[in-house]
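The block underneath contains the structure these notes are about, expressed in structure tokens.
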Amino acid sequence: MPNMLSNILGNIFARPATRAYPAVRRPPFSGARGHIVFDTKSCGFCGACSRRCPSAAIVINRTDKTLTFDPFRCIICEACVEVCPRKSIAVDSQYRAPAYVKTVEVHTLPAPPEEAPRAAG
Amino acid sequence: MITPSIALEILVTVFALVVAPLAGGLLFGIDRKLTARLQNRIGPPIVQPFYDFIKLWNKDQIFANRSQLIYVYVHLGAAMASLVLLVWQQDMLVILFTLALGGISLVLGGFSVRSPYSQIGSQRELLQMLAYEPMLVLAAVGFYLVTGSFLVAAVFARGTPLLFELPVIALSFVLVLGIKLRKSPFDIAAAGHAHQELVRGLLTEYSGRYLALIEMAHWYELLLVLGIISLFWANPLVVGFGLSLLLYFLVILIDNAVARLTWTSMLKITWSWGAGLSVLNLAAIYVLSYLGWIGG
Amino acid sequence: MNIITTARVKSPWILHFDTGSCNGCDIEILACLTPLYDVERFGMINVGNPKHADVLLVTGPANRRNARVLRNLYEQMPAPKVVIVIGTCGCSGGVFHNCYNMLGGIDKVIPVDVYVPGCAAKPEAIIDGVVLALQRLAERSESKPALAEALA
Amino acid sequence: MTTGEQPTSALRPATIVPPAQAPARIENLERIPLADLLPRVRAMAAQGARLVTLTCVDMGGAFEVLYHFDLDLQLQHFSAQIPAGDKLPSITSEYLCAFLVENEIADLFGLQVEGLPVDYHNRLMLTEDSSDRPLLRER
Amino acid sequence: MSARTVIPFGPQHPVLPEPVQLRLTLEEERVVEAIPAIGYVHRGIEKAAELNEWVQNVFLVERICGICSFLHALCYCQGIETLLGVEPPPRARYLRVVWGELHRLHSHHLWLGLLADSFGFESLFMQFWRNREMIMDLLEMTAGNRVIVSTCTVGGTRRDIAQEQASEILRTLDKVQNELDKLLPVISNDYTVRSRTVGKGVLPKDKAIRLGAVGPVLRASGVAQDVRMIGYAAYGELGFTPVVEQAGDAHARLLVRMKETYQAIDLIRQALAHMPEGEIITRVRGNPRGRTISRVEQPRGEVVYYLAGNGTRNLERLRVRTPTFANVPALVQMLPGCELADVPVLVLSIDPCISCTER
Amino acid sequence: MLMVDWFMATTILLPALAGFVLFFVGQPAIRRLTVLALSVILIIASLLVLQNGPFTYSPRPLAGVAWNQLLVAGDAVLVALFFYFGWRARSGLIVGLVALQAALVAYLEFALAGVAADNAPLFYVDHLSIVMALVIGIVGSAIAVYALHYMDHHEQHLRVEPSRQPKFFFSVLLFLGAMNGLVFANSLPWLFFFWEVTTLCSFLLIGHDGTEEAQRNALRALWMNLVGGVAFAAGMILLETTAHTLAVAEIAAERQAGGALLGLAFLVVAGCTKAAQLPFQSWLLGAMVAPTPVSALLHSSTMVKAGVYLIIRLAPGFEGTLLSPLVATAGAYTFVTAAALAVSQSNAKRVLAYSTISNLGLIIACAGLNSALAISAAVLLIVFHAVSKGLLFLGVGAIEQYIGSRDIEAMEGLLRRVPLLTAVTMIGILTMLLPPFGVLVAKWAALEAAARVPLAMLLLVAGSALTVVFWTKWMGRMMSAAPSSQRLHVESLSPLFSIPLVGLAALAILLTAALGWVMSGLIGPAVSDWYPTVGLASGDNGLVSSVGAFPVWALLTVLAVLVVVALVASPVREKSVRAVYACGENLAESGDTDFRSIGDGTQAMSLGSYYYVGVLGESKINRWANPIAIALLVSLMGVAIL
């Protein structure tokens, strides 16, 4: 008991270690694996990312030239980033926000990404 | 016929019944805050127990067994009654008996459900009662030996504080408080907030409103025990209350400085250090009053 | 917000259950309880007992055997309650999408209110998820019919 | 602070796995007939070896079960073949700790194990609605 | 005489962070039998690993368990490297030690906290977890993620540790060690901690071996076995002595892990000090062929991978024997005779990881 | 004068006579009628005694023969009977004790001529006797009525042919008569005679079933009580020779010293044997082999109460002597030890037995404390204990006939299975356990009285705490029930069962509600007959003692209100019922008796209660408890000599 006493008494007079999140937000570490972003302008829809993705989060439709990305499947492993020959995929250091509904991102060639409700399953 | 003195009595009673849970809840809030600070955290707001209470009160009412609900009311009622008895400056032993009535009722509530965790919790709660009851009764005997009466009124009638004659017994309330508040190292039947092998022991099967009522009973009990501790310095009572808060703080400190012990260790410690030393304290008084050094 | 809603929002007691996760998200939930994140600031405590809980935090994809346990626990929670799925694999199966003993996302077993993606979900994200869930709880609490529905 | 005695001789030179000439193989692997299994296991137990684990491999029509032992960090393996339909004798009489992995093999491969002290009846890992014998190769 | 009590302890239980059931048979509070029921987290990873390409499996095996995920990846990668016949560059081997020991450090902190929680020492739990966050920050800084770091890959590592990151690591480790110094007396001397652990769940040396125990459980029973002694990664160059205790009880296991935190700090310091410059990855070609056994010492003990490849992108068989799987029989033997109150302590004393046990 | 004759006839002679009649008449209908009628008469008679008391009375010679001569004859018959039983059982011990006792009594009656010399009235009915008579009349009758139905079932169950019930009811009724005689007697030799009759009756009743065990236990009860008898006789001789009186009232009227004090000590020891105090507890435990009504009788209103009655009766005689604190300590010692022993028992009747021993210890402790307050506590306890314990035995006996077991473990969830009997039994426990019921009020008074006797106080404190443990866990066991939406099925009872049971249950509660009257009408006078002050009086709120106050009615009201509030406030919705927490593996279909376990199988959840046999088991405790008890009794006599 005396051993622990010094620790806890010290704490009482020290500032709490607690981070004031969400009032104060720490900037993410550089290089943090937050979420995946696609640059469809440069994408060639080769499907390399899709084949490498361990959780099957990317589906490429070569005929429609669409890339469907399911952020609720992605484990942010960066494998697709590494494998993409055109450097069309990058990692943003900010983690993806929680949501009430699961959506998928559908990227087509010229248009900006749109969110669609995720297909069941 | 309502004479002014009876009116006053009623007023005081109502006041106690209203203020006690507020103060008790607040003290528990402070406890949680303080515990958090001891653990280098910020902790919840001080009024957190009230949020918890209101939330629990408004939850869907579910239960496993209707009979388990009766015991909740008796538990709370007994806690309130014992506090009122204290305010009325009644017999110490009766106050303790009433407190025990509440305790037994809670145990029976735990038993009344065929749930392993609540039943084992009840078995252990019985052991806890076995651990603290003797200390409380010995304290009452101490009061009697010094004041010549079991009535709390006699404590107030006496000028000098009891603390001088009963220092060890006063200190034994650290153990009583620790057990009553379900603090380490004695949180064996239902831990306050740490987790343990019994889930929440005898409270496992209570939820929502019933948990809220038990929580409230806890607030009354806290005030009751603090009130009893205050009697060790009854004139002026503020000092006594300060004393009780000091012991309360000590209990919180110990809670954070030790691991939970097993029931065997608990009985050993309470009976040897708690009851044993209390008895020595009493013995000293016997001797001193025999020698005529203190009146009684 | 009325006082009941306020109390509900300020006192979310959580039950954490793992239906087949890798522990990654579980330890992040635990981290939330500890000094650096200290969610007790928001009145959150981990009660570990469905009968006392308001918020169910589920991690991991739904294991076939564990699905029934999850259902039982959900049943035993008194309304109003919310369910938050923590981690990608609980949202959809994630990296375990082709494991034979998994049903996939938690929403295949019980209704889910909030999805917190991430592998593992960071403590900040978990806190965000709880905030979102509490918003929904507050909305339900304010609109009586919705609450009645939730209680039913 | 109570300190246990700490042997200091354990330091060894760097033994990085040498670039192997493919295909790599497992050292100290001995193929034994099933009948020899229990005596050999008993002999390992007598030497004070630690049972590391069992590995079952579906060879299509038969199973290969590898028994891995450790003696002072040196591995020793036995491999026994069991034709499909035959039963695997349990080694729990020598190594009680094998009960878990033997149950697992029974569960995931459908290979029956004889003489289990605690039998989970193919419900150690799997449940009613799990796929049956999932670790069999698709043939 | 009282009737026996038979109760479920788990799968969902507040002292069990993971779902597993012990069917406890009690006589009053004394345990007479404890049989585990598992399968609540069994996913089927060994099968999925055959369905995935072997390159993808790194990410899968990391998620066998999120606590020592890096070490699963390491064990897998070392095995594949053997099958492919490649050797990672020296710097990568040192980096692997750094991340590996950071994992041990955070994992032992995690465990020390949970053990404290199991015997109701909440503030001790809080202290360890507070200190653990320093290590988590180091992981996030160097790897970009807190728990699943994904830095190990076949042929080397995916990230490097820059100079200023290295000095940050060293600075932080000083702080961690300083905090550990404050908690060490509590762990080793505190009356209540001792009364809950000393003499509990005693596992004699020969029994420990016979039951196949590994890691801290084995070492606490006086067996000087630590897979790091075979010198994989850079351990052979760094100098390594296992931490051993003789008593074989819960307290010995506690001490082993406590001392291993110091050891891990020391190893990281050494690795950073002696880390050679240069490449961090060797390019690999082809597909694995043949079979091998790979072993790594995880925080909980020896993990064993059996890998078999046939020259295609898919493995023929991946079998993982994790340390908890090996320690469960010891636990089952330890429990009978103890008090119900000791159950959480003893369960935690083997540091169970169910997710990797069941895969 | 006429009334007084009538009094002796109805309370003592009539029961004995009815017993003799039943001994020869086998028809069940006649038996029922006789017992029922006698019960009513006994109750009315005891009430009449209450109304007319206190008085003294010496019967006129019977057909010219002096009653004291009849007594000599009676004693001789008893000695012959005991001798016969001892001889038949080849028990040298019993034969020896009978011989010793016969010698002592003969010495007293012939050599000292103590009996004849006394001119004091034979009977002295004071308030204490009245209290006892009420207890015997009301509780004893209830038990006798209950036995009517019980014994039918019992013999059916054991297939006893021909019925041995004539013998049984003979003993029971004789017992009641003897008890009345015992409490009314003023002359010690007369008291002794009745005393020995109760020994005889208990011997016959314990051995009633005729099994080997029953025989053995009956013989044990016999020799232990004969030890008491020897002590009694020795005590009388000492009193006769030193105090020159054998009239209870005279002995109690002044403080005794010297040889007379030693005589009192002997009588106290005799009381302790009858009250089954340590180390004599085993006979009472052995008595459990008898049919339950016998246990009820022995424990609540007869036999053991005779022991404590004697000690209380004589207490004023040793007030202020060193004997007092020693008796207090010995009683308190039995109180705590028996309570500890009760914790380790799973046999319900043994729990009750230890609880009886424990409570009698408390009563004796109070007698030893020997203040007005303490004696009030003692008498209170006699009354309330008799009612609750009688109720408990009857309840347990009926439960046993229902479920075929007296094991507490087998009583799990009984409240659902046999709701009425369980509820009644639970009332018995609650009134023993909870404030503000009478037993607890008595305990409170005892504690307040003990506060100045350090050792006794300590033992009482510990014993009270242990008492809570064994009652509560037993009660918990009976209540423990799985959630169920099924309606309760209330069992139907024969009125011969339900009337005594419900009657006693109601009495247990009502007496507390009427505590003020009990105090001022019964117990207060019983105490103030012998002590200058009233220790306990009824006040505005409840009872007031010299050093404290117990607001009985306030608490009783609170309790009643709470139960009503709880019943009104709790929802009845069926859908509010949820399975108990079984770590998520509850099987709702099974009504919470099963859970899923190994290999997805179903496993019955089983819950055992705790008995702490390792610490509090009989073999553990008896090892040191009995020697200490013997030492205490020896020192009791030692102190008297000093």
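Per-chain residue numbering starts at 1, and chain names A, B, C, D, E and F are given in the order in which the chains are listed.
Here is the rule we go by: contacts are C-beta pairs under 8 Å (C-beta built on N, C-alpha and C of every residue); 3 or more make two chains touch, one makes a residue touch a chain.
Fair warning: this is a prediction, and the values are worked out from it, not measured in the lab.
Asker: Which chains are shared contacts of chain B and chain F?
Answerer: Under the touch definition, chain B and chain F have C, E as mutual neighbours.
Asker: Going chain by chain, each one touching the next, work out the least steps from chain B to chain D.
Answerer: 2
Asker: Moving step by step between touching chains, how few steps can get you from chain B to chain C?
Answerer: Steps on the shortest route: 1.
Asker: Of the chain pairs A-B and B-E, which one is connected by the greater count of C-beta contacts?
Answerer: Between A-B and B-E, the larger count of C-beta pairs in contact belongs to B-E.
Asker: Of the other chains, whose C-alpha centre is the longest way from the centre of chain E?
Answerer: F
Asker: Just the number, please: Cα centre separation of chain A and chain C in whole Å.
Answerer: 20
Asker: Averaging only over C-alpha atoms, locate the centres of chain D and chain F and give their separation in whole Å.
Answerer: Each chain's C-alpha centroid was found; their separation is 69 Å.
Asker: Approximately how many whole Å separate the CA-defined centres of chain C and chain E?
Answerer: About 27 Å, centre to centre.
Asker: Round to the nearest whole Å and give the separation of the Cα centres of chain E and chain F.
Answerer: So the centre of chain E lies 65 Å away from the centre of chain F.
Asker: Listing for chain C: what residues touch at least two other chains?
Answerer: If we look for residues of chain C contacting two or more partner chains, we find 17, 34-36, 38, 41, 46-51, 65, 69, 73, 76, 89, 95-96, 98, 100-101, 119, 122.
Asker: In chain F, what residues contact two or more other chains?
Answerer: 578-579, 581-582, 584-585, 596, 598-600, 605, 607, 609-610
Asker: Tell me, which residues of chain B touch at least two other chains?
Answerer: Answer for chain B, listing residues that touch two or more other chains: 36, 38-42, 60-62, 116-117, 193, 195, 199, 204-205, 256-258.
Asker: Which chain pairs here would you call touching?
Answerer: A-B, A-C, A-E, B-C, B-E, B-F, C-D, C-E, C-F, D-E, D-F, E-F
Asker: Please name which positions on chain C make contact with chain A in the complex.
Answerer: 35-38, 41, 84, 88-89, 91-98, 104-105, 113-119, 121-125, 127-129, 131-132, 136
Asker: For chain C, which residues are in contact with chain E within the complex?
Answerer: Contact set of chain C toward chain E: 15-28, 30-31, 34-36, 46-50, 60-61, 63, 65-66, 69, 73, 89, 95-96, 98-102, 119-120, 122.
Asker: Going by the contact rule set out above, which residues of chain B touch chain A in the complex?
Answerer: Those in contact with chain A are residues 34, 36-42, 253-254, 256-258.
Asker: Report the residues of chain C in contact with chain B in the complex, numbered from low to high.
Answerer: Those residues of chain C that touch chain B are 3-4, 6-8, 10-11, 13, 34-35, 38, 40-43, 45-49, 51-52, 54, 76, 78-80, 151.
Asker: Can you list the chain E residues touching chain B in their complex?
Answerer: It is residues 5, 7-9, 13-15, 29, 116-117, 119-124, 126-127, 130, 190-193, 195-196, 339-344 of chain E that touch chain B.
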